[in-house]
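The data blocks that follow each hold one structure.
What follows is chain A paired twice: with chain B in the first complex and chain C in the second.
Showing the complex of A and B:
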């Protein structure tokens, strides 16, 4: 294990950014989101949760897939280049790293998504343990240990010191590159920090949610529950929950007419939207209740049914914090938990 | 709060209303959600406290399509939104029983700057305290009620309801700021500074559409930005479009109809002060056509849809 003092972090960022792009939590106009590091960036690793997760570094909110140009009576198709430049994501929390595992299941299964796969290959993940978990956090429910997140490198911020431990070959390579910026450290402080974090996690109000009613079998059991009709009614049909979510992965693909041809984009979509999965015959979900149900059934029933029981919620709690109507997955899980009693 | 529940149960049991639209207890006291109550028993989960900021007037569009009357609780500022919807023929007054409920300023949990908030005491209606006590995972803190209030309450339109069937509860005077101060500050910026300011704010936008969907003035059955028929949807265009078009177009569309209820800014997950666009229009309308408050009454000619030969024509003569 290594360490570096907090006041030297800028030197660390600069060293990482040499030859790599470095993405990390940056404050802009009062809000912290992942952004590209520059010398003038207002880096903010103290805010526990970025508004959006780090998802869009690997799966951008909008990306061009290819362009079609008309030239001399012929069509020329030009694909977007796959990511070739290495990059580092620093300060990603345990829930969001787990979120990457969920995305991997979707994008790295056959047929592999080349754009995503290239970014995963080029990216090195430096995670950061959560010193001060929030009330809305419930990652423990989904098997995440926020005191010891996964990642190529794991870091802990204890007081004014950042502790650093490489976990994979990629992580070791990055550590080597940083040379003497990092100094050797013993693990005592980090062990104490982990204990402290675990004690806080036990006190979080949603740490012990029961998932007993969920999993593959819930696909049939919960679909027709009358609870959905009660749960959905204040839903505004906005896409806040899906866009701040580290695991929501649905997208739309659209063509745009440019002056000389066509550009094909893909962009995040939301099952909350009325045109989601719109096809020539219309939409297979015609009411907001059905759309609302889809989101939670996908995370808690359909995804586990297709992925050996793995849920596609990681308990980051962003939807809990951000829903304009204060609806969220915690309320859904609890409503079903109470139903059987 | 108890008097609201008692009255709602009474109206429901007498059959005068078929349902009640109010706020339901959440998991915490600060996450109450808008809810329809169909039975007297279900009203045991009714809550009304400082965190019931959600404006229920827009839900009355859907409620109007259901059988029977809906009892709705409207705060003074919400009643302006309802009145405006009434004027636009989007709600059916015959199918609403409106209880104008008192308001002492509404709070936003996001304005309470402590980590790990477990419990907030002092937000109870009608006994709201001047100081909120906040129990957190990391100790007990205090914050003045006013510091945790939504922006709109600092520039409150007043304690009076503009439409109601009966009134319940007292309201408090919460005004301690000038409604147009921030607009004036931005007006004084150079064009470059203005552009930088708005770009910095709007680049945070994730096009979740929460501002549009919560907005009582955005009540089109099908929004042009949801149209799949042509390119107006602009779903993929995530940066330049939001920064330069989406919010501006929306502000233009609600100009003269926006009551300044502030819901857009309350719900924005990225904390963009969206109300400032609307307020700039309101300020200009006041200056050009005389003081006007959308939703204040049903008769007064609307400034942007009524023409007189003496109208100011701000667009003319600029070359």
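Showing the complex of A and C:
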């Protein structure tokens, strides 16, 4: 294990950014989100949760797939170049790293999504343990240990010291590059920090949600429950929950007409929107209840049924914080937990 | 687990093309009905863009206009080209109908599963039931079976549409299918019409009149209301749900089970379908 004092972090960022693009939490107009490091960036690793998750970096909100040029009536396709330059993401929390694992199931399953796979291949993840988990957090429910997140490198901010431990070959390679910026450290402070974090997690209000009513078997059981009608009604269909979610992966593919042809791009979409399933001849989910149900059934039943029980929720709590109607996955889980009792 | 998820392996040559189409040239357009045209598509240097199996689909794209999934109506036994029968009913299809032979479009595929022509359907008597444009997906199976005639038993095709002018592939039905031994074509239109001396009435009631025995596998495609009543009729005739196949159709963008639109229950229609047996359809949430 290594350490570096907090006041030297800018030197660390500069050293990482010397050979790679470095993405990390940056404060902009009062909001903290992952952004590219520059010397003038207002880096903010004290805010626990970025507004949007880190999924943007691997699965951008909008990205070009290919260009089509039209010349003398002939079409010519030019695929977008895949990411070839290595990069580092610093400061991802345990829930968001788990979110990557969920996205991997989607984008790296056959047929592999090349754009995503290239970024996964080129990216090194430096995660950051959560010193002060918040009341909206419930990652423990989904098997995430926010005191010891996954990642190529794991870091802990204890007081004015950042502790650094490489966990994979990629992580070791990055650590080597940083040379004498990092100094050897013992693990005592980190062990104490982990205990402190675990004690906080135990006291969080949602840490003991029961998933007993969910998982693969729920795919058949919960669809027709009368609870959906009761739960969905405050939903405004704004889609905020899907945009801040680290695991929501639904996307749209669209065209943008440029001066020289057409650019085909994909962008995040939301199953909460009424036109998500609309076809020329009809729509198979015409009510918001159906769309609301689809989102939670997918995360808590369909996805686990197709992925050996892995849920498509990581308990980051962003939807809990951001929903304008105070609707969220916790309410859904709790409602089903109470049902039949 | 951390090691496995960070050191993902992939084949750089393969993956990207799942979302990137090929250029296809429309080499022929046939007007089937007032709102259906059949487009013949070939690779720029001739031949097919890719191989497919009966029931599989492809994404057809007009750059700047739109992209949508269509069933490939030609049989894989056709070695020269692929065909799509497309009904004019939205922005993209309206545009496609304005194209001429020689125009280029983009196509990617094939996507989805196929009718089990080499397994469950082999050696069976087959009963095809279609309404309107839904003949398009069945035509690829029918022609596949006719081109491998020795592998299948008696073939019955029950096909109906609103009027005689709305029957798709009428020339092929009358000049080819009807003339093949062991193939019975039963056509019907909704209302009487001058010059039509064949059956008049809806497909489900005609199906009941024809009273097939259950020694056959049925393949049923059509508008939801037709499917509902035909399925009811087949059940009354004693057909088991495991004996009846259909195709589902939901909105799709990616075609590879990732964009989320065609998700229904644990299935993605683009990848796990479009072909389902009715016992499989019954197991899905009622959301199609």
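Convention: the second predicted complex is superposed on the first by the 336 of 341 C-alpha atoms of A that agree within 3 Å, B and C clash if a C-alpha of one lies under 4 Å from a C-alpha of the other, contacts with A are read in each partner's own complex, and residues count from 1 in each chain.
Note that a residue touches a chain if its C-beta (ideal position, glycine included) is under 8 Å from a C-beta of that chain, and two chains touch if they have at least 3 such contacts.
Remember, it's a predicted structure, so these values are computed and weren't measured experimentally.
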{"item": "Combined model on chain A where chain B meets chain C, clash or fit", "value": "fit"}
{"item": "Inter-chain angle, chain B to chain C through the CA centre of chain A, in degrees rounded to a multiple of 10", "value": "90"}
{"item": "Which superposed partner A:161 touches (first chain B, second chain C, both, neither)", "value": "neither"}
{"item": "Touching partner for A:252 - first (chain B), second (chain C), both, neither", "value": "both"}
{"item": "Comparison of chain B and chain C by chain A residues contacted", "value": "C"}
{"item": "Contacts of A:278 with chain B and chain C, given as first, second, both or neither", "value": "both"}
{"item": "First (chain B), second (chain C), both or neither touched by A:269", "value": "both"}
{"item": "Chain B versus chain C as contact partner of A:115, first or second or both or neither", "value": "second"}
{"item": "Which superposed partner A:133 touches (first chain B, second chain C, both, neither)", "value": "first"}
{"item": "Touched partner set for A:225, first chain B, second chain C, both or neither", "value": "neither"}
{"item": "Touched partner set for A:169, first chain B, second chain C, both or neither", "value": "second"}
{"item": "Partner chain in contact with A:8 - chain B first, chain C second, else both or neither", "value": "neither"}
{"item": "Per-pair minimum CA distance [chain C against chain B, superposed on A] in Å", "value": "7"}
{"item": "Set of chain A residues, in rising order, touched by both chain B and chain C", "value": "252, 257, 266, 269, 278"}
{"item": "Residues of chain C touching chain A in the complex", "value": "1-3, 5-8, 10-12, 14-23, 63-68, 89-91, 93, 102-106, 249-251, 253-254, 256-261, 263-266, 283, 285, 287-288"}
{"item": "Parts of chain A lying in touch with chain C, wherever the complex brings them together", "value": "65-66, 68, 70, 73-77, 79, 82, 100-101, 104, 106-109, 111-115, 117-118, 120-121, 125, 150-152, 167-170, 219-220, 223, 249-253, 255, 257, 261-262, 264, 266, 269, 271, 276-281, 284-285, 290, 294, 297-298, 302, 305-306"}
{"item": "Chain A-facing residues of chain B, complex", "value": "26-28, 31-36, 54, 59, 110, 115-118, 137-138, 200-201, 203-204, 206-210, 212-214, 226, 228, 231, 233, 235-239, 266-267, 269-272"}
{"item": "Interfacial residue positions of chain A with respect to chain B in the complex", "value": "28-31, 33, 48, 51-52, 61-62, 132-135, 200, 203-206, 233-234, 236-240, 242-244, 252, 254, 256-257, 265-267, 269-270, 273-275, 278, 320-322, 324-327, 330-331, 334"}
